[in-house]
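Chains: A, B, C, D, E and F, in written order; residue numbering restarts at 1 for each.
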Amino acid sequence: MSETIQATAEKIRKLQVQGARNVAIAAIKAIQTQAEQTKAKNKTQFLVELKEAQTIFYASRETEPLMRNAVRWIITQAQTAKTEKIGELSQTVSATSAKFLKKLDFSRERTAEIGAKRIKDGSVVFTHCHSSTVTRLLAKAKADGKNFKVVCTETRPAFQGRITAKELVYLGIDTEFIVDSAARTFIGDADMVIVGADAITSEGNVVNKIGSSGIAVLAHEARVPFYVVSELLKFDPETMKGECEKIEQRSPSEVWSEAPAKLSVRNPAFDVTPNRYIHGLVCEEGIIAPQTIVEVMRLRYPWVF
Amino acid sequence: MSETIQATAEKIRKLQVQGARNVAIAAIKAIQTQAEQTKAKNKTQFLVELKEAQTIFYASRETEPLMRNAVRWIITQAQTAKTEKIGELSQTVSATSAKFLKKLDFSRERTAEIGAKRIKDGSVVFTHCHSSTVTRLLAKAKADGKNFKVVCTETRPAFQGRITAKELVYLGIDTEFIVDSAARTFIGDADMVIVGADAITSEGNVVNKIGSSGIAVLAHEARVPFYVVSELLKFDPETMKGECEKIEQRSPSEVWSEAPAKLSVRNPAFDVTPNRYIHGLVCEEGIIAPQTIVEVMRLRYPWVF
Amino acid sequence: MSETIQATAEKIRKLQVQGARNVAIAAIKAIQTQAEQTKAKNKTQFLVELKEAQTIFYASRETEPLMRNAVRWIITQAQTAKTEKIGELSQTVSATSAKFLKKLDFSRERTAEIGAKRIKDGSVVFTHCHSSTVTRLLAKAKADGKNFKVVCTETRPAFQGRITAKELVYLGIDTEFIVDSAARTFIGDADMVIVGADAITSEGNVVNKIGSSGIAVLAHEARVPFYVVSELLKFDPETMKGECEKIEQRSPSEVWSEAPAKLSVRNPAFDVTPNRYIHGLVCEEGIIAPQTIVEVMRLRYPWVF
Amino acid sequence: MSETIQATAEKIRKLQVQGARNVAIAAIKAIQTQAEQTKAKNKTQFLVELKEAQTIFYASRETEPLMRNAVRWIITQAQTAKTEKIGELSQTVSATSAKFLKKLDFSRERTAEIGAKRIKDGSVVFTHCHSSTVTRLLAKAKADGKNFKVVCTETRPAFQGRITAKELVYLGIDTEFIVDSAARTFIGDADMVIVGADAITSEGNVVNKIGSSGIAVLAHEARVPFYVVSELLKFDPETMKGECEKIEQRSPSEVWSEAPAKLSVRNPAFDVTPNRYIHGLVCEEGIIAPQTIVEVMRLRYPWVF
Amino acid sequence: MSETIQATAEKIRKLQVQGARNVAIAAIKAIQTQAEQTKAKNKTQFLVELKEAQTIFYASRETEPLMRNAVRWIITQAQTAKTEKIGELSQTVSATSAKFLKKLDFSRERTAEIGAKRIKDGSVVFTHCHSSTVTRLLAKAKADGKNFKVVCTETRPAFQGRITAKELVYLGIDTEFIVDSAARTFIGDADMVIVGADAITSEGNVVNKIGSSGIAVLAHEARVPFYVVSELLKFDPETMKGECEKIEQRSPSEVWSEAPAKLSVRNPAFDVTPNRYIHGLVCEEGIIAPQTIVEVMRLRYPWVF
Amino acid sequence: MSETIQATAEKIRKLQVQGARNVAIAAIKAIQTQAEQTKAKNKTQFLVELKEAQTIFYASRETEPLMRNAVRWIITQAQTAKTEKIGELSQTVSATSAKFLKKLDFSRERTAEIGAKRIKDGSVVFTHCHSSTVTRLLAKAKADGKNFKVVCTETRPAFQGRITAKELVYLGIDTEFIVDSAARTFIGDADMVIVGADAITSEGNVVNKIGSSGIAVLAHEARVPFYVVSELLKFDPETMKGECEKIEQRSPSEVWSEAPAKLSVRNPAFDVTPNRYIHGLVCEEGIIAPQTIVEVMRLRYPWVF
């Protein structure tokens, strides 16, 4: 078994690698490395190695459809490659991986471009947590010469909102920073909400950082459109088959390191925003109704099913 | 001018005294002291001193109707006292103050007793921030032999939820602790929400710790009754006359002490929960519809108007 | 101990006497009888007898504020009667009881008159279960020369809707009869919903036959005003003090007499309709917002508190 | 029968006198005149004259509780006057009428003052139709040095919004003017809605210019508080007794003077806004929850019942 | 004309065969029989016979898209069969019918498997009426080792809920049984609602047993996800073309056999649940947003259009 | 440059040609004329001419996806025509244009047929503004022998509702005419709302005459289904790529020609109705959920993307 795979999976497990995107990239690179260093004697052995890597990565984190879809794709390509030669298979995995990484970059860029058009000059954008795609989108809108303000939550317990705030200030975007509980007070002044996604289910519901669904309800109450910005490959094909997205329960100490002994600290990492609260899903394909995610996936990424 | 008054007002201003109740108690005690140490030569001077104290205390914090109502009442009693003797006036202020403090204790005790009856055995109670009346209510329910669980938010930025959590754990109450953003995830399991109040407006809207109104919306979405527990004297008579409750904007450093230079950190201390989201107002008078607060005040505390 | 009291309480317990109104009447008459046949030697003994009767009746059924208020009132009158003579006390109880019964009739008549004005010619009224006040109201509207249609549910498990249907057909009112589950299908055609009440809480929530609150939600969804028609004395003063209205759990056999052995049949008699779903409370005082029930009670029936 | 009464009632009937306030003033002045010119020989005749005037005025327009309350009050004062002398009775009516007119002015002024405090600097106020009290309130806020913008609808069919627009522009208030159908497009930018009232029912529902209730629903959808500004005497005591507010159906030609022959043009003058959509009722008493209108009337104007 | 066809259609008409599934199976088997016993001399005659059977079956019940889709498919297969020989055509019909029946079984099994994954250990499932697919799904979840409770309504007037209850108790599933009107009282404790479907429209609305749409509204109010479990072939292609699903009006005697003479008993068999109340449609294809039913049908069953 | 193109674009700009349909037809005919009169020497020049026409037409009005889609299609056909001969290219444009116009007629006819089936005998239909497709649909339903009533708004500022009213009266349809503000008063009596569309976005939101979205909210409040009737080619492919539909701001004088000098008259022509308020989109393809518009376009008009 490849040490790279084990080591990478370990890092993912321990949250040393974080964010749907980074996790996917790490897994792809590890598989690339394994393929290059393979000692497999034939295609069968080569595929077994890949399958083992898949098993290990799938077990490393619960809610990572992007990584799973990436791994699934690379394996599919190797399986269907019309060669039995290890060198060529290794080459295929390598090329496929590189292509996937490029595709990821392209998806983010395309998504950011599309979404940036929805930012109006003089408007106020509300966001939650940190998403590199959301930052990219806002940077694009800024670069397009639009002036707008962003309200961003601190996003307890890990304060990812501070990363967002720093990035936005660095980009010269007028930014307001609030505690999570101030969402209802500030959402009324916003013209739109934009958040990222960790996973998208077959009904078009979105799994994202804890607090997102509450903000969606408040946006609905205040008639502020709530957009989700995400690569299509965050779609989780398992939900189609009935599986629920697992919601990771993280360490209590993230919330309160010196909590009283008998206190039960609950720390779910994500929540689920129902499709009816989502105004539009901005993805590389364009802006779509989230309910149609399955049809769009069938068209663009039929191999995920 | 009494030094006690100045010093106490200063402490209130600097948040060294916190919580509607503690602020009211501090102000009352300072007035009591001033009355005891008065150097006034006649009733007119005595009343002038009281009026000055009133002005100072009113200026010390924005949203403190309980303290203002307390001071208003003591002054009214002195003004209408049928004596011109300083000694007797001082005595009146002293007795009135003592009576008010007793009344405050009685109100909390009565409110806790009434509200405790609504806690059902085996139920889950959701709360936000810290309120001594809410803790008292839960303690009473526990003492009545009921088993129940409390879900309590950490309440950023000042983490008052930790005080609540510690008190509840100390009382032997099964407690779960979550970040504010996890409210929508956990509220579905709750049988009721209970929060305190900092002020109540004439329409029956409730000013309370930032985040309360968002939780009220989420409770409404999840069909969980949302109770406000409060002494009637948190009613702010100025709202009747058209004044809006001022929402204190606190220091950005409470939220993020090393925030980037150009980041605008917004830190409102309170928000307003509309009456239609409030299932019942639990007070010393009983459980009432918040819309009727003005009528109840007219009956019980006609002097506030 | 009076046999009449015991016997009547027994009948109430066994549901041989049903309906808030009938239960109250039975209890009043039993107390009247006891007072007439009393063997008490002095006022103290006389009052003890009354108190015992009160205890027995209170224990006979859980949700009967009208009966409790009746008993409470009669006892209060006896207690405050300025006489020590048994004969006069007995006379007081008798007169008071008669007066209460008259008052009950008057309240129903007045409530029916007021509510009948809201029935418009050519309209459709939706009702649930059986309430003699609702029937009286509809009879009054019919007698006033209005033509209207009533949609009435069968009201499982006891089919009280059949009683309503028979009464309405007898009155010559055009009546449609549906199963409870057809409520959403037919409510869209209705111009108003009218139901009775078993109890009213201090916040203005209404306890009524199981299914009422669901119909209120459906009426809200379809923008059809939902009226509750009730004597004010259905108000339960205990709710003011924090008590929840107990919801009687009736026999499973009412629902399914030959249910499978391990099947848990649940049969709650009532549910609670929140005040925000109630368009108006029609009572002897007029049509009021249910939120103000406490103020109206204080004005008209101060002795209940 | 007094000619003045007949002539004034005729003007009211023909809408030559319009607006709840103007109608009330005209009726009061006519009664004042009649009282001054009375040929009654004794108190009985004098009162008969008044009663006749009352009957005529009540019949002149359907939805005019303010005028009815005014007439009712004047008659009550004459009835209870402790004199039998015609001169003194005439004097009483005169003085009472003058007092009522003064009271009306005071109420408007007080209402405007209270409401003006709710207008925040830099805010946007949405209004519909024309109400002299609303204009007064906005003028007061402007005079208080606040800068704000008003969005006002044209208010078909009679274009009363144009009167409002002219008055606001004259006052130097920044005003935007839209067609009624643009309400949803502009309400999202508003910080509050303010409208007047023609009548208030016992449940706290408000009868006002057609279109008001739709705006209330849109304000609710957009979480914008909807205030009603009205003198308390617009309360209609008949609604308490079950009467529905009659909705005047005005001439089709107001809507389309050359409508095709067989087209049915419907032109209701008013609609009813349910209490749950009203954030607060601003009146001379202060800002109250509309649900409590009956209690407030009992306190301030007990004679209306 | 085949007697079998006539006889089977008659049974369907008289409700001797009930349930979308059973009706479809009966029709298929009758067509199979007819095809085997055909006296047609050539393909044209053979197809005429089939068309006649289709006409008869379509007329037998109003809301039976599954049966209609089945018949349509078999005929299509016969029409497009590349043979003119009667024997082979008969063989085709037979094989096609068998295949369809197998497909039906497979669909139910697959649907049950997928849906069963959504049942969480320790959860409460709410259901209404009887659906063999729902029972299968719950049986599967039980077999998977999950412990859960089911709340099931009695489903008046035909008490199909009793069939469900018996099946569940037999399966050893902890079951609670309630009257239909108790839905709002118990739905708050449920983690999900699962119902079957009789027909699905092109917008994704679901026709199911009367009461289903009301339960969907209550589930929405209580934030409980509402799932519909159905084979895709319940989709009705006619709705796409503008036809409304006909709602069968059944016999009044089902509701009240001894109803008063002039009473109008209304007994619609189904109601329509709007797509926005449906959390997900569980079908053999997976869990999808009901709005996309047309796209899914085009992919899997293009011949229905 | 073709004068026809310039002249037609000018007419479109000046609103001498109005209505999505008429604008598209005018543009197509102008291009047809240009193609017939072309002086292009080769295919390249011919295509340049077409591209110039496209640019001019695109610039003539902001919200005209139907016209843009028409122009786009004709150009695509010319581009892909397998010929270099001008005569044949001209012929292609001509034929393509004719085909498009025919297609438009067919789409309207098909849409009207489908939608007409949803009009039930004895029902009330609510509509807003003027749409030839809606009129056609109603005419079809009338021709099918159905009796129904239409409530139609006047549709300020341009009174297009009067055109609708005249057409309906001419068709013998029972029609009621109201001001826009009376929508909430009359919508409760309606069985359905039908409006046209100017543009459809990729999420399935509908751009239509100002006021439509407010009516949609009121229909939702009153549980009345809201249908949009539109040719699929009103879909705007640019929204998929992130563009927002531009909302044309028309001349203030349409609203008030003698408005006071400093009054800001705002006159947006359209608003946007969110997909969740739309019960169904009736188009030539059938009745679909608006969320799926992109999938349907991909199937039927793949060239628009």
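Methods note: a residue touches a chain if its C-beta (ideal position, glycine included) is under 8 Å from a C-beta of that chain, and two chains touch if they have at least 3 such contacts.
Just so it is clear, the model here is predicted, and its values are computed rather than measured.
With contact taken as defined at the outset, chain A and chain E are each touched by B, F. With C-F and C-D as the two chain pairs, more C-beta contacts join C-D.
Look at where the CA atoms of chain A average out and do the same for chain F: the two points lie 38 Å apart. With centres taken as mean Cα positions, chain E sits 57 Å from chain B.
Chain C and chain E, compared by their mean Cα positions, are separated by 43 Å. In chain F, the residues that touch at least two other chains are 221, 276, 289, 291-292, 295. Listed by chain label, the pairs that touch are A-B, A-D, A-E, A-F, B-C, B-D, B-E, C-D, C-E, C-F, D-F, E-F. Touching chain C in their complex are the following residues of chain F: 188, 221-223. Those residues of chain A whose C-beta lies close enough to touch chain F in the complex are 113-118, 120, 276, 279-280, 282, 285-289, 291-292, 295-296, 299.
Touching chain A in their complex are the following residues of chain F: 201-204, 239-244, 274-276, 289-292, 294-295, 298.
By the touch criterion stated above, chain A contacts chain B in their complex at residues 128, 151, 153-157, 162, 165-166, 169-170, 174-186, 209-211, 213-214, 217-218, 221, 252, 255-256, 259-268, 271.
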